[in-house]
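Next up is a structure, given as structure tokens.
Here the chain labels run A, B, C and D in written order, and each chain numbers its own residues starting at 1.
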């Protein structure tokens, strides 16, 4: 239907089959970063492929020409679309009739701002890994630049795309927990327990302030924890007191962070992230308690959500089971209950949502609220605001630092 | 290296980086079955896409022309390669220079034999869902036909492609458990607990002997349990006593099967499968006990393998952790420990293995043993032999029925 | 209230506070068996003490005079009530004004019949360990002898005294599952994985047919599995086909048993018990599935009962939580939810029930149905009937053997 | 052996069978508090009975004469030893030749100091519930008074008496984790989620500052968390920043506490306790991470300890399994692995240790270090010091408060 402003508007009933809208053909995607030896680029690409909404047709996978070329071959990218300069890539792809319709940025953090700006400025939608930028000013700039461009800008907090996380968010929003009283989140890993080999590519840039940003653990995984807590609770973090700690071997940056947080309405909560807790792989765990009920979720067992109404036996919710299953979760479900979906499926969910939003933008369609629910540049900027506040609080001996609501980008 | 017979032989050291060999370009895949309303076809396609070794370019997704055409569009298949007759598809694709290099068969069971034969006879490698056929004679025929053709024939017991199942198989083979003493497997579901709507497409053909085969539960999920038990233990099932039961509403075919099995060397074990156990989604669980240690694995929690050496605390093995991690598991790993891989990843593992085997065959390469380890037509035939024995034992009131070793296809 | 027949009858409303009736003073208990080096006697004694309904005042803890005396001292039993001949003990205690009011029999199995008879014949209530006897004739004799005596005879299937087992039994009885369709039980241990030292007192008599009875595993733990399945389902086992197996080192008797069982109404189920499965301590697990719902319980995690209504998220029931908590479970609860009660508490529950029944008998009171629900001599005899049928089926190559309903003692 | 000072000294080899020393007869125990409607008194009594080291012979179970009398009858205490004034009880019992040998204090917190003093002053050993007192001055006074008396003073942090907690403490002490880097503890409950009925006896005094002390949650369960963390890590808490929060309905006192703690050597950790988290019964969980390994323990699943050496698969330790089982855990074990021991068994462990220490004191024996390891009055005082610091930090807006080492009583 046409509301008269030229934009076709869809309503939720158009999606009555609880499927995400799919583009009529696969959209064309390019990558910046992700060449041989990288980690997260492959994960983006697996998500994009599994979504079946994208084909990867171009890439500046490395700034080293030889690595860029070899990596492109690994990725089945045609030689003439294998770049070693992202500015050239932005320019040439924008000029091609079959140019990329979005770019995925998977470089070290310090390059996110420049790369994203280059593609936004040529009119190409952007998908960026987190943290959005290494400075708050850069984050604000990207929010504003995106707003001016009218483009889509997605940020890959992929943990927020698990079906049971969406289920949790929908239940909180529907009031199933009553007023929220406490929000606790932790992200516990062990990979930095012992010093890594000097040539460990991941550790190298993640622990280098010039490339990873001003914090280590707090930026790398703390921002995921921050996002998950605010996403599910529906509450912005309004203040915090933080300690940046080095519990393991000296490494220049924090490997552990403790945050005593306050959310909207004064709701308290603890946030703990560490990379030096032996026996923990990717222990991102969220617990939200309200007046009526509690929800508990563990990323290492992502298909289940423990839902306990006060005074009743806890229920173990899983994808699509029972009357309480929410469209927001069902829409992201590929396989029947009991056939585990995992982390790559969460990435595929994000990439399917990105495609729906970008396809709609290109066609001038307006999707009804809630059909896609991915993290945007504004959410990414909130993450940088969180890092900034953590750094300032820690520098002040754990003093209370407030997180202003009115930064560009509005509510998470 | 060239051993003089024209075939290039690879050795394990060629795969020292513990990666599966990948084709130089994506191979071309066609589908028979899988149109709108189908279930398993989509899962095959997701696995193929995630593997990044295949592109789906042709399909006979339905025998109904309109459904075939609409489904092909959903799958982004070009209109001229959307067929509604698999024989036509086999013929035309075989004739095209860019024709498919393998066909995935995802029709109801009774069509597997005819479709597979049609493609084998035109020289196209075959990937078939299970059970392989609805009669033992057909299964034997496919084994022989495949042998004559020299083609690759893979069968999608995807549960056997989880990394931790491969880990278990490798540990048993290496003697970590000592001599095996008991093998117990169960596959517990609940979807047939209540009568399904008359238009439930899945139930319709799965419970119709003319289309699904002579058994219900025993064929649909019992064969997965049979395969898993023999795959991990490395032991052929040599005899059984079986009861086919209808525990739920009358439905023509069994919804439950009890098997008292004997494996090579007289090793005993129970096999239980049911589709009417409320609260169970896809409870495929295997327990293998030997002289020295036991292994326990649960498909709903597939990333973990419980390994208990007698007299020691159980260890919870996961992908790639510690000195005991086996190449067979590492080779199928995409993401770091703690970032869950699930069922679709297992399918992607199978499809990656299929591509490696087919690419090698096409190039005249011989892969070293153990590099790929997918179920073949011979394994599929063992599954049909299992069904046949179950039917005969049940008909004889649970009498002992032996499973001959010397059926075509040799050891599993 | 008095119903005119001299017996005071209580009604459920007399127990409105959901507590078991307690005797006005601790009852006096004696033991036969349980001296130094024994295992289960201590467990009985711990249960009795924790129940606070009993004091242990006499014992024939060993037939060896010196061990009997030393063990009695360990148990704080006065020297003049430390016996080394159970017949003497029965006679003297029956003659004392402060004589024991019940005897607990914890000898090797072959002595149960003679000891129980001796005490029954002097008018002393009996508590016996399982299996009740080593022959079916002896079991029937004890049932009849008990009936003639009018005494209480309890059998210690303590697993049936966990609160959540009582909860399960009550839910099945109330129809929460609808008609029962399948009953599966297993009891998995590993202590016989390797040959035990020659002086291992437990193994010595348990594996000696002259003292332990005609079966090993099937009698020692198989009978617990049989009792639990019938107790919770409320269904008598009516037939079986069984294999007695030696999976571990040769030991004269079975270490493993497979049973394909039928319960009243033709309900099928598997029963598996083994003592040679590395990594398993006391893995007694029950699963009962009905038309509407399923229940799953694991003895190693006894505080929780998984209750899954078809089509709804499973609920994790625990002691006393929520509207569905049954009096039968609440009555046996000592501590708040989350403060774990374990195996000794289950024993204490049995001993509290024994005291209530014996106290009532001595006072001429009649307790309302359901207030106590412990296994009786009739249940014990059903266990011996089960063993007898297993032996006969196994001897006949796994042939079907029926379990007659009309043995003395009636329904379980 | 006699070291010449009149005290018989035992050495660890005297306990080579890994059993706690037992008194030659049961010791006589009296109670103050615990009458009808009370909660924790029953738990103490169950522990004492199960230990088989005590008989309860006297009690001032209530200050209300009628309740005191009726409660004593419930407890099978002779009428002439049922008191309604604890001072009278102390005096009379001290004068009897068969007087009590220890008193268990289970009154509301504000009475602990006066009651304990009364019994210490008449030469009777004391067992007190926690928190030790409601003021730090009172706690210090009890430490000094105990020292002057030469008596035994045990405090019932019963969670520290689980075998696997002792196993954890022994492993940390032996260096299995290397240097400790982080200590995290939480205690999560839900019983105050909704306002309780006005006549709820437990809530009434626990939430009344005049009777429960200056804090609610922090004193009631926060002190258990504090004790457990220091007991297992072997590290004193040296500083903290704390927030006392009311997350649920207004109730005068905190229902939630957040603590950012520092332990000896600057080791950081979070401590969180709450009583308003729906779905949580008694979620006391400890995680300790060191250079080499991590330990994780959950009170609701107390038989298991997760032990993860960095880079190896986690091991699930349970009582008495494998070469690494520590005497400190084995000594407190009653039943074989897999036969669950729970909370009451932990209380019985404490009461067995109290009896060993008191029996040794009375005989002039000196037990070797480590044979008993119960919390003492000094540990209790450390708990009050913790509460005091929490109150002061909270009052100062979460400022850092140091916990002095040199308070009376020395190291925990």
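Here is the rule we go by: a contact is a pair of C-beta atoms (placed from the backbone, for glycine too) under 8 Å apart; a residue touches a chain by one contact, two chains touch by 3 or more.
Here the structure is a predicted model, which means the values were calculated and not measured.
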Practice problem: Check B-C against A-C and say which one is joined by more contacting C-beta pairs. | Solution: B-C
Practice problem: Work out the mean Cα position per chain and let me know which chain is farthest from chain A. | Solution: C
Self-check item: chain A and chain B: spacing of chain centres that average the CA atoms, whole Å
Solution: 35
Quiz item: Between chain A and chain C, what is the gap in Å from one C-alpha centre to the other?
Solution: 56
Self-check item: Distance between chain centroids, defined by C-alpha means - chain B, chain C (Å)
Solution: 45
Quiz item: Going by the touch rule set out above, which residues of chain D reach two or more other chains?
Solution: 280, 307, 311, 314, 318
Quiz prompt | Complex contact set, residues of chain B against chain C | solution = 181-182, 184, 190, 193-194, 241, 243, 245, 247-248, 256, 258, 260, 268, 270, 272, 274, 276-280, 287, 289-294, 296, 306-311, 314, 397-398, 400
Self-check item: In the complex, chain D residues that touch chain B
Solution: 307, 311-318, 321-324
Practice problem: Write out the stretch or stretches of chain C touching chain D in their complex. | Solution: 25-26, 42-43, 45-46, 49-50, 52, 76, 189, 191, 280-283, 299-303, 318, 334-345
